[in-house]
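Both complexes shown next keep chain A, but they swap its partner, so chain B is in the first and chain C is in the second.
Entry: the complex of A and B
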């Protein structure tokens, strides 16, 4: 067993365990911590795939920014930080059956997977290559993403803003 | 790539999109700097002017050769022009409706208007690109804008529920789409649809054809969330009911059109010559094309959608829920040309979407006005409408007859085209056509139920008698002209397609 395979197993185990724990824990803050483990393990997987830039971004944005925003969201809102009662047994079995079916199909599909020749120069200047592609070939989707961000920002503000004017109107 | 190469592209082709971006930006800035108590109706007029300008530019582009920018990340061919026409006209009508939408329910009027524009921009990019990345970003722009629009009635629990359900379901479908796309990219290493098409004929794909079919299913299932076909239609009734009526109209027309556009574009371009399942013949083992292998699945999906949509619509008491199930059923009809792999798939889909635009928008215009008068969206709010306002009742009847597919309406011609497309292929799809006729007859029950309410039930006392606002009546007049005009003279739009759109460009690489 090569070192790469060992690292892959450990990292993917952490990622899956984090995801499962996030679903099963009861306290919201614990869930966020479990999610951080998943994010960090996925960043490790990116490193294994020679995508260092994506790995660093993953750590910065997901493990850093998004987690902090979630924690702020939890702290700043009134919340009941216990999850509600679980769904019925029948439905759980149904979900389990479909998960197993999905796994079986996927396993059958990738069992004989052959991907041809492996690329060997992935690690060469990959940050520079991403930048060059973004600002030349993919400049249209890149600019479009900025509008997506703008829309998300506007939406977050108008949906979360409290209408103070209305409150004053009622009290008068 | 230096600046000269970048400037050598024909950026003029993107002019309609640029106009929409500029209008949206202008609206957001104006909204920021206008005094708070000032009426935001001005913004709606500016937005409408922007859409009309984009439409005019689009008309001047008719007949131009294909424009591609930056390796097909932007691609303007007849297919994109034809469907952008529907998207722009649909949004313009929605704008007219939203101007008169109750001021009490939505306080953020400015955002209301420019979110429609950004959603439209996303839909237009989905129509005019042949690159997975641009298509996906356009899809997300449309989706995220729609999530916010659905929740704009902040004090209404139904609206909050609608927005939440839409976000969760939309998020799941996005994840499924991305998972499918990742397999396609993994096998081909390309994001350009035409390069993928070429790469899918390589030996690597032939060895892994099972996974390619799997990727196809993931992509198709994810996208069919967006057009709300069964069994992935669960979100539609709640979202349609909770969202403000103009937003519901937008979702059921513009969003659905964009969904069909991206389905046709990705599936037909990527998989047109991909290998599918191996078939054992007498002569040996052959590989049939992927699109033929998956045909039964899409047919079953289309039939299920028609049956479920129409059957559940009968039991609805809320008019918007009923129209939601009816739109599910219409998505089923619209899948028939794709399922039968007809050569007329573009023409049939385009014509049906145009007819659907007129009749559905007209119906939503009436619903919006009646709901404002009666303060109720239940079907019995329509009882006695004939006595109260005969014009509204008659125009609603026209739209309902067209939705049901009665002759002399656009809906009938559209259904006829789809029907013929199912029977016009080499291998005729009798079962699909039969299910289509059967479910159309089921749909008579609930469409005619509303007409019974309008004409034969005693009326409610009028609570809030209102004049029909100018925007609504304008939409009504145009929709009636469209519905009846295209029904009596279907030659006009069909000739228009023949003259202006050469759908063979869809597969052409310059």
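Entry: the complex of A and C
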């Protein structure tokens, strides 16, 4: 049990440190690397929660694909840009107050939260359990996901290809 | 059940050991190399190797928007692959209905791929 606790502490420390570094670093590419550390630490936390499949998906999608998309997005824009000058003192205090208020509300909200009985067999054939449920009980959401992906694909193409068409229009 | 849980957790010790080895190997190799090699830097040695040409500009250049299109397509088909994996693992227990479900899913994404093809996203100029 103590090994699990130790792993949890280290992983959550990496996750929080990655998040804080992402906010405090000045170069955008360094921020993405800090974000990758957060993603990987969260994947480790999923492993601790017996959610192996979700952990692998986290590594594949978030620290793989999403990071690549972010890097491409950065490289397309002003990639050597630095963080703008700091905002005023009053606004900082306002942000601090809202952070504390958010924490208080969340703490009050989840303090007495009961998640029901804990599942104990999650680690047994994790992926197969997910597959069984996803393709029998949750078929409709799954098929909706395919439509969401299709819409995302078409929308991305329309957004990114518009530039070329305008150029063609100019040349005509 | 508690036994199995311990087995599950302990098998991640191997993953941890591999992770540690993967981190330590380059650190040890580079540190040992730094200690062993002679250090006589000259300006000519310190320039970036550029196949004999004098290096110019920065290495961080603005990408063509075409790369972004390929990145977006990669993300979408990556998500699709993730859905294929539990389907393949549980396929034996699901039967023919799961095959039809997956066919509908694939057809939806093939429509997207055909759309991208027709819009000439996949061509390289």
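We take it that the second predicted complex is superposed on the first by the 138 of 172 C-alpha atoms of A that agree within 3 Å, B and C clash if a C-alpha of one lies under 4 Å from a C-alpha of the other, contacts with A are read in each partner's own complex, and residues count from 1 in each chain.
Throughout what follows, contacts are C-beta pairs under 8 Å (C-beta built on N, C-alpha and C of every residue); 3 or more make two chains touch, one makes a residue touch a chain.
Given the structure is predicted, the values throughout are model-derived calculations rather than measurements.
Contacts of A:102 after superposition: neither chain B nor chain C is touched. Within the superposed three-chain model, A:93 lies out of touch with both chain B and chain C [touch as defined at top].
In the superposed model, A:68 makes contact with chain C only, not with chain B.
Residue contacts after overlaying the shared chain place A:121 against chain C, while chain B stays out of touching range. Contacts of A:137 after superposition: chain B is touched, whereas chain C is not reached.
By the touch criterion stated above, A:9 is placed in contact with neither chain B nor chain C.
Of the two partner chains placed by superposition, only chain B is touched by A:110; chain C is not.
Of the two partner chains placed by superposition, only chain C is touched by A:146; chain B is not.
In the superposition on chain A, A:154 contacts both chain B and chain C. For chain A, the partner touching the most residues, choosing from chain B and chain C, is C. On chain A, the surface touched by chain B in one complex and the surface touched by chain C in the other have residues 132, 136, 139, 145, 147, 150, 152, 154, 163 in common. Interface of chain B with chain A (complex): residues 1, 6, 21, 24, 28, 69-71, 73-74, 107-108, 111, 115, 118, 121-122, 125, 129, 131, 133-134, 136-138, 140-141, 144-145, 147-148, 151-152, 154, 163, 186, 204, 207-208, 210-211, 214.
Here chain A touches chain C in the complex through residues 3-4, 29, 47, 50, 53, 57, 60-61, 64-66, 68-69, 72-73, 75-76, 79-80, 120-121, 123-124, 127-128, 130-132, 134-136, 139, 142-143, 145-147, 149-150, 152-154, 156-157, 160-161, 163, going by the rule given at the top.
Of all residues in chain C, only 1, 4-5, 8-9, 12, 15, 58, 60-63, 65, 67-69, 71-76, 78-83, 85-91, 93-94, 97-98, 101-102, 104-105, 108-109, 111-113, 115-116, 119, 121 touch chain A in the complex they form.
Residues 105-106, 108-110, 112-116, 132, 136-141, 144-145, 147-148, 150-152, 154-155, 158-159, 163 of chain A are the ones that touch chain B when the two sit in their complex.
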